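Chain nomenclature is as follows: A, B, C, D, E, F, G, H, I and J, assigned in order of appearance, with residue numbering initiated at 1 for each chain independently.
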């Protein structure tokens, strides 16, 4: 089941720099892991923003929430979730 | 080059029914044609809405605008275009 | 799988009165049918508005979209869908 | 009398970690207590967000306000309250 | 139990003039009746707008919804309802 | 002359606790004083929020501004002022 | 007492042309009359819009509402009223 | 003096088709004329929308308003005007 | 050339008190100076807010920007600028 | 390929002053460099705001994102990107 997820990241300027770097490295590792597992189907950068548009393919809302809420940068993200259904004109 | 495009369709209730059906059929045919041509890469229905989220892969803004503005339902759509760049954590 | 769905109804004042009544009767029949089938789990009126907040329990986004988009008043509704996950403090 | 209540939690990043944990534990205990008492009828997590949608069943606005404003995380919540009336098509 | 209710009226310009006058007269009669009954406690015009801010005193959300949704001008109103609790600094 | 005033209070979490308590006590004393003087005609708590809806009865915009801007919690309030005129259907 | 009033005019395209012209002529005559009477103190066009920003000087909210609600184009206006107090740094 | 002007065009679906075509042709002629005169310095289409972003170079707000308000499609446009000053880092 | 300028001031609560007082005194002196010079034509307090609505009369956008961006409180202001043209019904 | 980019800068008041000055100097140098390279085609100050409207001419979304996200002030900017297509009435 597909979800379109937009994540906007906003890290406070006074957050310790070394912890940010650690969080970003962990976030990247986790993103790669979830893409390889096939649940994070697409991951695009929004041009000009510290934000992404992603497509997730998971079995349930619970699984989606678990994935998103355990992302290392989750506390600094504003997230919008849009459930996607099959489009009658889609050919795939 | 990728664009995320959201289209919300709103057809006035007093628009002639037979013309709506014709427009919808033309829209569907055009959507299938553009998907087969590889420029309309993804087409998803937003659950609960007469709207879609799409990914287009075209060579320029001009090509995108030509494609979107000649869609049969274009006069009845509110469209939001988001340019997508490569994400540093994407694996594809 | 649960979804919170808010529906706001707006019927154009120049829509034929007899067709509105027919649509409303069909809508009511359909709402009762879906509640009895267990998929429309809760249906509440928002006090002071021609709108409702509902809880749907369906197997997929596709099923949700099919149910909502075939409601007789769907063309006159603005719909907001919120996917609901289990809350760690919920006891049910 | 029913109210739909949406709570979005936002804890400042420089708030002491041990106090957050304490507040969260107290919040959870209070949520369970109020659910068992029958006043917090439903509690759902919004997928992808540190937020919930809840249904409260209380005797008055005063009782609702007392319950919400004494939640341990209340100072960090943005809350939207929607009074719910009986829907003419509801079967329960 | 008190509710603050804001009503903004918007009547389509092509609505038959004589029916508007009739609706307005009925609305006025009903407003006076409900004020005399003590349920419509305050009724103020918002300066510069075809809108009002009102205070209702009713026993339940159901009663409020019944009162508002049967107002003659209800189909042309955008209504915002705010439940009011006792303020700890209020002296009345 | 009447004004509807909505005040939303937001106190930063790192503001000294003892100064907050002092400000709140002063605010309460001032609110009671102004109610007794007849200028703060109504004061209601918005259920579920650290906010109020109030009705002020003062001689001029200048008087209103002086009253509001000298409230002890004024620096932490977002305030919306709506001038109220007599409603043609009001009976009081 | 001063009020800043912004008026945005939106006339439906299918409104009879001769009536629009009549309304506009009446509106202009009324605007001139109220400026000469000293109550409509300033009247500026917002560059690029069918809208104005005005300053009214009247004795009460009631007087302001009477003036605005009897403007010939009032049914086609969205109006925002902002009460103005004396500024402590103003020299006039 | 420069202004950034965004124009969004929305033509009602029941507007006579031949008059739309006439207005569009007049609009195009006028746009070309103003560009040649040097006052409409830039004119870009917003990709995916019936809208443009333009740069005007005129002597005053009055001149800008006269130009915009006499555009043939002005009655169907939502216009946002942003005055532009010299940027301290600009090299032109 | 006239501009309507709205300025909303928001000073962080942890900004040094003595510097705030100094900035406010400088702001006041500058406001008086600019009013006397005839460029800051009107300055009104918005009732109930730490905000003002002002009318500036300057020769160009550049001059306006220089004036506003050198105000002592500029770093703490949200500013909205609206260019004003002559209104065809204005008598001054 | 052209993009309209609006950048609004907001620097926290407690950010070290000497680092701000350094960042601003680097930002200016970079802006001049990119203008000379022909990719930052226009750079205008929005009158009354710490913000700019710019036109970029780059080969791809990726190039645009790289340019914007490496600007020294990027962490303090809110950025809106609008892809621009050729306008059928443009003469250049």
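In this section, a residue touches a chain if its C-beta (ideal position, glycine included) is under 8 Å from a C-beta of that chain, and two chains touch if they have at least 3 such contacts.
If you're wondering where the values come from, they're calculated on a predicted model, not measured in any experiment.
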item: Contact-graph distance - origin chain E, target chain J; value: 3
item: Set of chains adjacent to chain F and to chain G; value: E, I
item: Chain pair showing more contacts of the two, H-J and B-C; value: H-J
item: Distance between the centres, which are taken as Cα means, of chain E and chain C, whole angstrom; value: 26
item: Intercentroid distance (Cα basis), chain I paired with chain C, Å; value: 49
item: Chain centre separation in whole Å, for chain I relative to chain A (CA means); value: 43
item: Multi-partner residues of chain B (each touching 2 or more other chains); value: 2-3, 14, 45, 47-48, 61-62, 64-65, 81, 83-86
item: In the complex, chain H residues that touch chain G; value: 3, 5, 12, 14-15, 61-62, 64-65, 68-69, 75-76, 79-81
item: Sites on chain A touched by chain C in the complex; value: 1-3, 60-62, 64-65, 81, 83-86
item: Chain F - residues contacting chain D, complex; value: 13-14, 45, 47-50
item: Chain C residues touching chain D - in the complex, by the definition given at the top; value: 2, 4, 27-28, 31-32, 35-36, 42-48, 52-53, 55, 82-92
